[in-house]
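Paired with chain B in one complex and with chain C in the other, chain A is shared by the two complexes that follow.
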Partner chain A sequence: MAGAALLAAAAALPFWLNRTQPYFLQLALNVLIVAVLALSWDLLARTGQLSLAHAAFFGLGAYTSALLTTRAGVPVVAGIVLGGLMATAVAAALGVLTLRLRGIYFAIATLAFSETLRVITKQLRFTGGSAGLVTPPLLPANLPAQYLVILGILLLAALTSELVNRSRWHFAFTAIRTNEEVAAVMGIDVVRFKVLAFAISAFFAGLTGAFYAHVFLFINPFEAYSLAISVGALVAPIFGGLYTTIGPLLGAVALRIGEETLRAALGSGFLIIYGLILAAVILYMPRGLLGLWTAAAARRHAGERGVTAPVSGNGQA
Partner chain B sequence: MSLLVLEDLMKAFGGLQAVGGLSLNVHAGEIFAMIGPNGAGKSTTFNLISGLFAPDHGRIVFDGKDITGAKPHERAHSGIGRTFQLMQPFHDMSVLENVMVGELFGHVVPKTLEAARRDAESVCALTGIDHLADRDVTGLGVADLKRLEVARALATHPRLLLLDEVMAGLTPTEARQAVASIRRVRDSGVTVLLIDHVMGSVRDLADRVAVLNFGKKIAEGSFEEVAHDPGVIEAYLGEEADGEIKPGG
Partner chain C sequence: MAIFGVLRSGLYSLASVGLALSVGVIGVVNFAHGEFLMLGAYLGYWLFASYGIDPLAAIPIGAVALFLLGGAVHRLGIQRVLRSPELNQMLLTFGISIFLQNLAIILWGGDPRTAAVGYKAQSVALGPFTVGFPQLVVFAVAMTLTLSLYAILGGSRIGKAMRAVAQNRVGASLIGIEVDRIYLLTFGLSTALAGMAGLMIALQLSTSPFIGLLYTLKAFAIIVMAGLGNITGVIYASLVLGLSEAFVEFYVPQGGGWAEGVFFVLILVVLLVRPRGLFR
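This part shows the complex of A and B:
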């Protein structure tokens, strides 16, 4: 119910923002890009694989589509889909290689992979080198339509995330995240689920990267494979609430809007305050923004059942 | 008929020969106990049987099929279930959800979530943790965590159940309950291979006992037979001065 209303509001947003405040529509589009990346990162994290390589899949998607459309004459929409599929294929291969790595070692391996791709892209003449590539536009000069496309991609990612969380996959992912060996002896094909999660996660990151390439009309290795993208993808779920659909979305919206507000209010020093807020949330709210909500709901629920909660003195209702 | 056959299994970690040429036959329908001092290779043997370790040498045959190279989840599907000595519940899941994992993934044929939930509820009832089903696993006591370990293993519907020290740390009353519940599991048609240090329970439960020391089998037979074996007495007295084996209990 609330989700449908929210979706309707999100879909209606461009039609009045575009006329009154095009800057805000651009911001909303950026928020959605971060939101897809955040959900994509979270899907992988549910299996205990903490990636620092989301820029790799974002960049792979962007470059695949940019090269196919400029050098092979592939239509833009097909290029974007192929960009997502390329990221999927590469992730599946990388997933098999990194299977045995856990925690920080996995993160370092993915970071190395991402940096390697950037260096290769920078060196090759074929990819435009460090000068980058100019790309053909998707839905030229129609910001509202572009916004609706990324909203659709986000919807697809959110649906995938919900399907995963309501199916047997949720049990496999959670079990693998907690203890791979126990998961395996209880009959879970750990390799299969880890590689599947990697492939699905990379698909959305690649799709978003390809979309980005044809909306911003220019890509270079420093932006497409930037650490800022990888970090942005992981900060939003941690901030909003891990392993859920709502958490990463909430985190992306709150962080991007918070960042813009701070930038406007404080100017160049805003990143210091931004960093402090992030650190405080990670330290004191391990379940993110969503954790605040569920804790409040639990207290309300306890109050309704007449259980005397030590937190409140008066309310009995 | 032998359900599980271990043939000359060997496993070394660096210079340490944890299991050094172990052969064992576990018959269908029996309760078989592996005992031995700490470091005798019992838990390593469990890890070899469940597929978490690959042996350096030797063969593992389950129900007539060579499973030496099979992956852990394939062994679970073929009917081998196990518990862990150090309880390893899945955090972020309730007790019932922990058991549901076994119901969902312990079989080759997939189950729906509803069917898995229903079946997990009856496994919880069987193991005496149904009153905890909706609880978070954090904060459970030792006895309940041990029951959860057994419940999760049973939820994979094993034909062979490996129990790794499920009596350790239990009070005498809880241990008696555990003995009764393991008997019920066996009577329902499950073959049981267990490791334990609680000799009273082993004596009450086991049809046959193998004694391991330094990765080798030094005796096999009924509890009374192995308890009077001079080699066994020496292994235990050499290891622990109080002599854990007391046939009187």
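This part shows the complex of A and C:
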């Protein structure tokens, strides 16, 4: 119910905002981009795997689509879908290589992979080198329509997330996150589920990157593979509340809007706040904003019945 | 070519041995390692620019300053997540890394800074080769410091305690080693080593807020090659990285740019072929 109302409000937003304040519609579109990245990052995190470089797949999607549309004449919409699929395929390959090992190796490999993609893109001539690429537009000069497209992508990601959380996959993911050895003994194909989660996660990141390329009309290796994208994708779910659909969305809205005000004051150093939030949340509120909410609700509930609420959660962030 | 690779590996050893130490003894993978190195490099730059102190003379200052900073970070943060899931530990150090990098951007701006010591452009003949004097000095200092760490770990009481904790935390505490204190000392030592490597970077190269991530990644490549937690393998692994980079720079067209990606290829190859490391 609440979800449907929220969706209706989000879909109505462009018709209300566009006439009076295009700036806010642009901001809303940026929020949705971060929201898709956050949600897809969280999907992978549910298996206990830490990707420090979601930007790798964002950039891969952006460059795949940009190159296909400019160099091979592929239509923009097809380019965006292929961008997502390219990210999926590469993630599956990288996953098969690195997800057999301890989580640390995977985290290191993702970070190194992202930096290396940047180097390759910068060095090659057909990717436009460090100067970047100009891309053909998706739905030219129609911000409300562009907004609805990314809202659709977000909806797809949210549905995927809910499906995962309500199916048997949920138990597999949680078991793997809690204890891989035990999960394997229970008959869960640990590597397969981790690779699957990684591939789905990368698909949405690639799709969003490709969308970004055709809405902002220009990409370069420094922005497409930027640390800011990776950091935003992981701080939002941690801040909002991990392993849920609503938590990453909540975090994305709060952080992206906060970032807008900070950028003006701190310039490119605004990421400092993300570092602070990350450290503070891990140390003091490992269940994020959503955790604060459920704890408060539990206290209220307990107050009515006159019993003390158990403190929920034990820092499984 | 080989000689440049070897000279470079000295700095790589010093830059990564601290990370190997914290991984090996505490079991914490510190994604902020490069940022401590970056802070050391800025310290070297400022001491030179403001007081004319040569980065070589600043080594004790840098070591003490970064030891204290590392100790504080351990007390306030790392110590609290030692029993948390690995995911939390990595996220915390990643958060510290982002914080320090952007603090540097805000405080000092993004421009690279160079400590222009008098002998920066001098070179020495080494047999048939000519190499920069700063490179040679940095190599000598870095190797001396790295080997001193090996001596400390091998011989002193504190070093033996560290190795004991690395092998078995519970066993070590049973025979009367204060594990928490060893962790604190180890983390401080690890950041002090990063800080000294930073001073050497201020001397030989230049510093900017962005060098941290690059050295973190190169240090990762080295400790993955050495095998996580293997401290003595760091020197050999650094040689592999230094030589490979020098090789790419010399023999590949536009090699200067491609060399920045060598560390990733090495990480990937090691993970594929021999994930427990090449040197154990």
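Heads up, the rule we're going with is that the second predicted complex is superposed on the first by the 277 of 317 C-alpha atoms of A that agree within 3 Å, B and C clash if a C-alpha of one lies under 4 Å from a C-alpha of the other, contacts with A are read in each partner's own complex, and residues count from 1 in each chain.
Throughout what follows, a residue touches a chain if its C-beta (ideal position, glycine included) is under 8 Å from a C-beta of that chain, and two chains touch if they have at least 3 such contacts.
Quantities reported herein were computed from a predicted structural model and do not represent experimental measurements.
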Practice problem: Considering only the touch criterion stated at the top, classify A:Val190 as touching first (chain B), second (chain C), both, or neither. | Solution: first
Self-check item: Which partner, chain B or chain C, touches more chain A residues
Solution: C
Quiz item: Counting only touches as set out at the top, which of chain B and chain C does A:Ala298 meet: first, second, both, neither?
Solution: neither
Practice problem: Would you sort A:Ile282 into first (chain B), second (chain C), both or neither based on which partner it touches? | Solution: second
Practice problem: Look at A:Ala8 in the shared chain and tell me whether it touches chain B only, chain C only, both, or neither; answer first, second, both or neither. | Solution: neither
Quiz item: First (chain B), second (chain C), both or neither: which does A:Ala145 touch?
Solution: neither
Quiz prompt | Which of chain B and chain C A:Leu52 touches, first, second, both or neither | solution = second
Practice problem: With the two complexes superposed on chain A, say which partner A:Leu159 touches: chain B (first), chain C (second), both, or neither. | Solution: neither
Quiz item: Hey, what residues of chain A end up touching chain B and chain C alike?
Solution: none
Quiz item: Can you name the residues of chain B that touch chain A in the complex?
Solution: 50-52, 71-73, 75-77, 80-82, 84, 88, 90-93, 97, 100-102, 104-107, 110-111, 113, 116, 152-153, 155-156
Quiz item: In their shared complex, at which residues does chain A touch chain C?
Solution: 45, 48, 50, 52, 97-98, 101-105, 107-109, 111-113, 115-116, 119-120, 122-123, 227, 231, 234, 238, 266-272, 274-279, 282-283, 286, 315-317
Quiz prompt | Residue ranges of chain A in contact with chain B within the complex | solution = 167-168, 171-172, 174-175, 177-179, 181-190, 243
Quiz prompt | Of chain C, residues touching chain A in the complex | solution = 29, 31, 77, 80-81, 84-88, 90-92, 94-103, 105-106, 110, 213-214, 217, 220-221, 224, 228, 254, 257-258, 260-261, 263-265, 267-268, 271-272, 275
